[in-house]
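These notes open a run of structures that come right after.
One chain, chain A, links the two complexes that follow: it is found with chain B in the first and with chain C in the second.
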Partner chain A sequence: MSPLSKKRLKRGAFIGLSLAPSLVIILAFYYFSIFYCFGVSFFKWNMLGAPKFIGLNNYVLMFTNPDFWNSVKVSFVYAFWAVPFCIVLGLLAGLLLKNATFGKSFFRVMLFLPVVISMVVAALIWKWILNAQAGILNYILISVSFAKLGDMPHWMRWVNDPLGGSMAAILFVGIWKRVGYNAVIFLAGLENIPLEYYEAATLDGANPWQKFWGITLPLLAPVLFFVTVIQIIAALKVSISPLVMTQGGPARSTDVFVLHIYKEAFQNFRMGYASAIAVAVFLLILVFTVLQFRVGEKKVHYQ
Partner chain B sequence: MRKFFVACAFATLASVSTLLAQTPIKIPFWYSVGGAVKQTIETRIKEYNSSQSKYQIEGVFAGSYEESVQKVIAAVVAGDAPVLIHQAHVYAPQLVDAGAFEALDAYIAKDKTFQRDQFIESLFQANVYKGKTWGIAFNCSTPIMFYNKDMFRKAGLDPEKFPDTWQGVYEASKKIAKLGPDTYGLTLDYGSGWILEALVWQFGAEWLAKDNSKVLWTEPAHIEAVKFFKRMIDEKVAVYKGADAALLSQKAAIAMNSTVNLSKWGKSATFNLGTAPFPSATKKSVPVGGGSLYMFKRNPQKVKDGAWDFIKFMTTKENQSKWAEATGYFTARKDSKLDLDKGLLLKDKRYNTTYLQLGYIRPENETWYPQFLNIRTIYNEAWDKIMLQNSDVKATLEEASAKASAVIKENS
Partner chain C sequence: MSGNKSLPNKGFSVGQILFYAAMTVFVVIYNYPLIWMLVTGFKNSHEVYAYPPNVWPRNPVFSSFVEAWTAADWPRYMGNTLFVATAVPLLKILLSAFAGFVLTYKFKGAKIILILVLGTMMIPDETTLVAKYLLMKQLGWVNTYWALIVPGATGAFSIFLYRQFFMTLPRDLADAAAMDGCGDFRYLLSIGLPLAKSTSLTVGLLSFIDEWNSTLWPLIIINNDKMRMVQIALKVFSDDGGTTWNQLMAACCFVSLPVIALFVILQKQFIAGVASTGIKG
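Let's look at the complex of A and B:
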């Protein structure tokens, strides 16, 4: 063997060995689990008995089950509200962090604090803030005579309201927790825009609004694209806030995908059926992401 | 030289076998109740372990009933189940059907020291299915009525006499609601759903057919029952959900919850808290919930004997009395109830309310239907829809029945 190919072999072996531990974990816990899930979705299995092969029956049951379509609707409604708010507020926060003339560290801490606390803690805090009888938000609303305890609009029942209040409650937590994260990413993107462009624009007499639309946004496009894709996936995968605050209720008004799968698998012990839902959600998010990349390729300008 | 080695071999063998004979048999025990009750269990376990050297119970707190049943099922599938578990009655059917548990009748028959006749019959029978005894009653409870005596007095009602009919509760709630702009009589928080069973039974309606073939939610009596409570909520004399906060902040006067709540609300109530048995419309009936001790089948006999020994220990007269005093759950024995009558129940008559209902208790899942919890979720959601979204009672219950029938069909 020539010395060059021996060196290549050694290098290859070194790379292989270094990657091996992570690869093993990823293969075992991600890929194996995904394929296993695909497999189980063709069976009927309650974990205690033997699995029974039923072909596509789980999928048929799923597509004819209004609860499945409800969780599709709930998840998309959540994403529909969460994504724009997280992005717009995150962008505003990023601009604030970049351009603030005072209190930059203070804002940084306040924005990032929600990000670093655990989601369970965040959900519990908000569950109490939004408690219909004893929470601080309703207390304030009632003391300014916006409503009475015995006569409040339905949404003020928050986690106990199936007509929008519970959705608003989990949206509050989700957005509050995520804004700082997006802000930091946007800040990095903003810092990468050369100041010369702004100076040139000022010389040409541009106002801040024109600067924003003409320089900032187009040059932030790659970052915006990235944040949007990640944000949509994260929003469709939301699980802890509804689990802690509403358990998917009341009347399944916050029964997002992940929660629905979890309940079918571990409360109703329908492993096969839950796996079918998981596969469907996986394919849905995959298709969605591919679509976004197609659109993004055309519209996003990289420099 | 050879003799020396042989002697050494015998010595080693002898010492090892005596060592093995002295090592107590380890018995893993997973229980599902935390907080102050957990302390009580751990104390009992320590007492048992130090009282004899043959068996060693290893108590593990496995989380709430929901969390622990998931762990138990995963362990059974992995072939790694513990020996003893404490689990809620409603989760037992699927494990019994899977053949995971050991029937206890043989142990009861063989063991003369068990005193089977001292057990409160209805509590004991709650663990019998298809003629076999699958568990021993451990932490049973029934729901009872809790009420604010001060608010009753202010509304002109006798604080010592809680109404014994639902019509009476309705009238009382109307009077109490007049006390303020956002004051209510009854609160309706269904917990796991067992309260709804109570309400429905008390109106003479039923929930699940005795042969598990269908749900009985659209029978006329059942619809009447649901309509009764909807009317109370629509008239704003009752409030749906949020019972804890409402009762303790004195915005509502009546709550329905497990007798175990007495220890919690008894301490945090800033008012005179009274208790009473459930009222009735046509029939007196309440569910009995809680958990039992179950033993797994796939273990060596001597391990199972050890588990049985511990079960006996936990259900002796003294330990049952101590248990009921410390936790507020039922004692499963008649003789320790007599002790309690002279002790805790004399000190605080409210702890006796749950015993007053013993004559008409029914297990929550009395037909041991494995899909019970699945169906119960569907039912609870129907109530949510009716009460919170104002949807038509009959139509919603019919829709829910259809869903439940689909589940029953899928699993038959």
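Let's look at the complex of A and C:
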């Protein structure tokens, strides 16, 4: 063998061995899993007996099941409220942070603390804050005369109230965990806007309000769009906060997609049916992921 | 950081003082839930249910922490979680550095493999939970560390980060090494990886925090108390009779301490990683 082809062989072996472990993992736990999920969705399977092929029956069951449509509604309501609040509050915090002349990294760390703790801990803390009797939030609402002790509106029962209270509870956690993250992303975007623009606007006598609408917002638009799509995807994937705070209740008022899949699969052992819902949720999220990649290509770059 | 540093010896303007006051109020309110977790941990089991609630514990006690720590086998759970949250980042650094490195080469199929790798970002873990569980069952990995470690041992995001980094290394460096008879493998181990230290730190840190906080997957794949992870173990303080909130909040404190400490120490890498990619979260 010539030395050149020997060298090529060596390089080929190196490439193959370097990629193999990563590719095996990626193929098994992503591509194979999603195809497997698709396959299982055509079967009826409780994991005890053999899976039984039932064609599209699981999908028919799903689309005619009010519990599925309930989880669609719950997930969309959650996203509808969570996304704008995460973004507006995150942008506000990012703008504040940008104007700090010193102590910026300290404030950034403080904004990021709720992001790094686990969703379980965050949900437990908020469940305690929202405790109907001994919780600090109800105490504050009562002491500012927003509500009267002994005559509280139904939603102040928070995690136990099916008519809005439980949804508000999981929204608080979700928004709280996300604001700091968005603030840091927005800050990076804001710092990319050249200072000269603002200086020129000042010379022209623009006030801060005009600068915000005329310079900041248009130049931040790509980042804003990118963050919006990320937030929509994240909101559609929410699971831990309802799992910890409400188990999807009361009366399925917080039974989001992922929790619904989890319960059908691991509590009711309807593997095929749960897979059918998973396929539907996957396709729904895929629409937004494709959107995110498209925008990503158009050079949304911060930092 | 912005260039126009204020000069402290000139004193502060009124506007600046107001700004920092507003900033401080915002940050305190935002972090109040964390403060409340800590405050509740220092209350005894009577004071925790006092109405009106005391904003500060009247007689702070440390006993809730001790009771919480002894209420369950925490050393075991912490050990399990530490093992998984160390093994996964180390493997992830190793496997994705190698994959990211060779993906900078020009060879047949390189582009397709890169697309395949990046394409996994379109498949959310939440939607493959059931299939992954069934797969693990076939492999006989339910209730094993394999199930907790292997799926996270590489990742599109980390492979991509390494590839981006290795593409910035000058060609001359590899050529000079090759002239000295240094093969690809040795070049990566002794030159490439040490230079990629900051990428490795970002990948490792994000992965550690992800694993320490992981909940849904361990909940599904582990039902053996000996292998329980910390986030799942927080369940012990709630039953049908109610929740012992002071102990639970104390436990939340020590479960969160490792990630908070690590984040505060290495915040620059962490925030750089998040801000430059926007993928985590």
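Assume the second predicted complex is superposed on the first by the 254 of 303 C-alpha atoms of A that agree within 3 Å, B and C clash if a C-alpha of one lies under 4 Å from a C-alpha of the other, contacts with A are read in each partner's own complex, and residues count from 1 in each chain.
Please note the rule applied: a contact is a pair of C-beta atoms (placed from the backbone, for glycine too) under 8 Å apart; a residue touches a chain by one contact, two chains touch by 3 or more.
As the structure is a prediction and not an experimental result, all values here were calculated from the model.
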First, second, both or neither for A:Leu9, with chain B first and chain C second: neither
First, second, both or neither for A:Lys148, with chain B first and chain C second: first
First, second, both or neither for A:Phe32, with chain B first and chain C second: second
Which superposed partner A:Asn131 touches (first chain B, second chain C, both, neither): both
Comparison of chain B and chain C by chain A residues contacted: C
Which of chain B and chain C A:Phe266 touches, first, second, both or neither: both
First (chain B), second (chain C), both or neither touched by A:Leu61: first
First, second, both or neither for A:Arg252, with chain B first and chain C second: first
Shared chain A contacts, counted only where both chain B and chain C touch the same residue: 131, 133-134, 266
Chain A - residues contacting chain B, complex: 46-49, 61, 131-134, 148-151, 154, 157, 160-163, 249-252, 263, 266-269
Residues of chain A touching chain C in the complex: 10-12, 14-15, 18-19, 21-23, 25-26, 28-34, 36-37, 40, 93, 96, 99-105, 107-122, 124-126, 128-129, 131, 133-136, 139, 143, 176, 178-181, 184-185, 187-188, 191, 226-227, 230, 233-234, 237, 239-240, 243, 257-258, 261-262, 265-266, 271, 274-275, 278-279, 281-282, 285-286, 289-290, 293, 302-303
Footprint of chain A on chain B - complex, ascending: 66, 70, 73-74, 76-77, 94-95, 97-98, 100, 181-183, 236, 240-242, 245-246, 249, 251, 371, 373-374, 377, 381, 384-385, 388-389, 410
Complex interface listing, chain C residues touching chain A: 1-2, 4-6, 16, 19-20, 22-23, 26-27, 30-31, 33-34, 36-37, 40, 48-53, 95-96, 98-99, 101-103, 105, 107, 113, 116-117, 119-124, 126-135, 150-151, 153-154, 156, 159, 183-185, 209, 212-213, 215-216, 220, 231, 234, 243, 245, 248-249, 252, 255-256, 259-260, 263-264, 267-268, 270-272, 274-276, 278, 281
